[in-house]
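Next, two complexes with chain A in common: one pairs it with chain B, the other with chain C.
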Partner chain A sequence: MTTDAVRNAWYPVGLLSGLSVDGEDSLLLGEKITVFGSDDGTPRVESCGHILPVVQRFGHLWTSLGAPDKDLFTIPEADHPDRTLVDVGVVRVKCSPLRAVENFLDVAHFPFVHTDILGAETHPEVRDYKVEIRDEVDEVWATKVEFFQPQAAKSAGGGITTEYMYRVPAPTCSVLYKTCPPRPGEWDVIALFVQPLAEDLCDVWPWMALFDDESSMTDLIHFQQLIFLQDRSILENQIPKKLPLDPAMETPTRADLTSVAYRRWLKRHSYTYGAQLVAE
Partner chain B sequence: MILYDYILSPSCYKVRLLASLLGVQLELRAVDFHPGREHKADDLLNLNPAGSIPILVDDDFVLTESAAMLAYLASKYGPDWAADGDPQAIALQHQWLAFSNRLTATLGGARLVEMLNFEGDLEALQSSGVVALRELEAALFARRVSGGTFLVGDAPSIADIACFPYVALAPDGSVSLDPYPSIRLWMRALRALPGFIEMPGIHRLHELAQDPLAEPDS
Partner chain C sequence: MAADTDARWVPIAVSADILNGTVVPAQMPKGPIAVWRAASGHLYANGDRCPHRGMRLSHGFVRGETLSCIYHGWRFGTDGVCQKIPAHPAVEPPKTINCGPVSVTEVNGVVWGAAASPVDPPVQFAGYNALRSLLISASVEAISSACHGETVEGVITAQLGGQGTILLTNVHGPDEALVIALLPTATSAQDRVKVSTALEALRRTAEGIGDAA
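What follows is the complex of A and B.
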């Protein structure tokens, strides 16, 4: 269902570094769009002969089918000049765009899906953490999420307990902040920007802003692609396909608290694209 | 030995997998295949004009076809993995290596369209992939009836390694493996081999993972 909240949101539609001046066809919320690069730094997106609004941010081109009532969110931490900005590239997944975000918010799957990298089967426990909907910024936040990780990042030398913060600043985007192995006191930033092609199909654009002077750009891209491709096969097999927003279908466990808050927040905004409102 | 490698490439994984099964160390050079298309840039085109990966470099000896790399690694480090002496076994192994190229073109093509947004006729790729899977299922079923587990002879060989990755990743291109019981048993047998390694979409056998609560051997 495309409510105003759905049409007025910003969505990623391409890597700024990968746009074609001849235009490339894509889909947004089931509607055909064409994304054009340009030689003078003014890419554009068209839909049925209309020019759509665009924003260039985080290495991606963003657009909206409606009239966004607020600017695309920012990630101030990512502006630090020492950070390496990593365009990971698109991965297509046959799942609800909201499922892709929900999975990203959940640390409990690490030991089983990212075995020996982001989690170990011997350390599956998720400790208490804090989840809130921050009304002043209208975002979902989970903080103090601690988890044991055999290889938390390309830059991690061995197993460490990693602290995470998760943030949902837009319905199909999530940003996580995690312990940065080479720079204690700073956070690595990893984001998942999701372009909903249909209610059960999305293009996922992972993006990172890391402190890592050692690894090559290709190694950083591959580390994240490795992780995300492990998620992809899980995402494509989730049941029900659409994300249930009916509270009766919630079965909260500690690890799920962020997911519960995310679903409530979507419901509050009537963000229903890729969602299932009543049990089927 | 240097392997120009991409973590999501099943063709590169074939070479990494056999090297691991043989206990051979490879020096990996990560290629930015997606989104960077580094395999189509000058440096790598100089090494492999076909513009594909993997590329294996052993001093000044360069190989650009994964099937040839498997044959090279086997004859150098694991003669049991390549047929030798028996003309029919040798020929069958060649046949499966050639067959594996059909899997790359069909199931692999469907996977690139479905997963990384590459251009291609998805339905045609999927249906020719299914034709290849049916042939493989029939061959493995025949092997099973005569007591065999692997494609050629009594032991796993480069024929199995060449065919395994694109088959196992068929679901990435929306081709289901549910209709092929012999293929699934064969994949299980391969995943159980000592030295087996994973790639995204091909998980280790969890049942065989070490039980953390088990008493250590004493």
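What follows is the complex of A and C.
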């Protein structure tokens, strides 16, 4: 369902490094858009002859079908000059954009979906962590999320207990901060920017800002693509396709408290595109 | 009325296609199910949806006499009740969490399923055994017509590849049906290959993509 909250949100529609001056057709919330690159750094997006608002940030071009009432969020940690910024590219997934975000917020699936990389079947426990909706910034935050990982990142030498923080700054975007193996005290930043093409179809643009002087750009991209393609096999096989906001449809546990808060936050904002309100 | 449908056996798979320790998807009139064979060789089935996050259980894994979801490893027993939630190893899952067990039985090398437990066993075809299954994008009427068969209550009898063949059907939609072919047990390997080839030709004809009869 397309509400004002849905139309007024910012969405990623392409990599700044990959735009075509001739324009490329795409979809946003079921409506046709055309994304144009430019030689002078002023890319634009058109829909039915109208020029849509744009923002260039995090290596991506962002737009909105409505009139955004706030600026696109920022990730201050990602500005550190020593970080490697990784444009991972795009993965099309036949799922609700909200299911894609929710899966990104979940650590309990690591041992079974990202076996022996982000999790191990011998260490499946999710200990209690802290979840809150921060009213002052209107974001969902989960902190003190600890999980054992056999290979937490391309730069990780062996198994470590990784600490995560998760943040939902916009309905179809999530940012995670995780222990950075080569730089104790710093956080690697991995974001998932989701472009809703339809309620059951999305283009997912992962993006990373890492401390990693060792791995090649190709290896960093391949690592993240491997992880996300493992997620895709889940996302395309969940029933129902749309994210149920009716609590009776699914069975959350303590490990799912981030997802519970995310769903509550979506409901509070009447963000229902890609959501199922009552059991069908 | 629903009870009539629930208590009816529906052919859903070929027994030999489900090895010990594996799970496959199948279709019942009410929706998709996951059919799995435990390490012991016993066959079980339940709804193809984990009650936790809706993941298809047919993508899961079988260990011993249990089926686990591939998403978060929730483990279900032969009664469909959740036994373990790996993220919370110390918690005993409430008995109310279950994945909707479905009755299954095997006759003539065919797996039959029923939402409720029927009083009588499925129809038997003495001396016949399953050859193979195939999915055809056509109605049962079109399939029957394409092989000049006779249809009684969804069971088609026809000559295929020179053999008297029985075709069990499981209607998935107005234009899709699963067909399970049965042949006399004594049919030679060579003749079984001929019938299998004839079934593929039958599919092309029924789907209207060549080999017009």
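Here is the rule we use: the second predicted complex is superposed on the first by the 276 of 280 C-alpha atoms of A that agree within 3 Å, B and C clash if a C-alpha of one lies under 4 Å from a C-alpha of the other, contacts with A are read in each partner's own complex, and residues count from 1 in each chain.
In this section, contacts are C-beta pairs under 8 Å (C-beta built on N, C-alpha and C of every residue); 3 or more make two chains touch, one makes a residue touch a chain.
What you see is a predicted model; the values in this text were computed from it and never measured.
Superposition of the two structures on chain A shows chain C fitting alongside chain B with no clash. Contact with neither chain B nor chain C is seen for A:Arg268 once the two complexes are overlaid on the shared chain. Between the C-alpha centres of chain B and chain C, as viewed from that of chain A, the superposed structures give an angle of 50°, to the nearest 10. Using the contact criterion defined above for the overlaid structures, shared-chain residue A:Ala108 touches chain C, although it does not reach chain B. Once the two complexes are laid over each other on the shared chain, residue contacts for A:Lys70 go to neither chain B nor chain C. By the document's definition of touching, neither partner reaches A:Lys32: not chain B, not chain C. In the superposition on chain A, A:Lys144 contacts neither chain B nor chain C.
Of the two partner chains placed by the overlay, chain B and chain C both lie in contact with A:Glu121. Applying the stated contact rule after C-alpha superposition, one finds that A:Thr218 touches chain B and leaves chain C untouched. In the superposition on chain A, A:Lys130 contacts neither chain B nor chain C. In the superposed model, A:Pro240 makes contact with chain C only, not with chain B.
Taking every C-alpha atom of chain B against every C-alpha atom of chain C, the smallest gap after superposition is 5 Å. When the two complexes are laid over each other on chain A, chain A has residues 121, 233 in contact with both chain B and chain C. The part of chain A that touches chain B in the complex is made up of residues 15, 17-18, 87-92, 94, 115, 121-122, 203, 216-219, 221-222, 225-226, 229-230, 232-233, 236.
Touching chain A in their complex are the following residues of chain B: 6-8, 30-32, 34-36, 38, 114-117, 171-172, 174, 200-201, 203-204, 209, 212. Those residues of chain A whose C-beta lies close enough to touch chain C in the complex are 108-109, 111-113, 121, 124-126, 233-234, 237-240, 244, 249-255. Interface residues of chain C, counted against chain A in their complex, comprise 32, 48-49, 51-56, 59, 69-73, 85-89, 91, 97.
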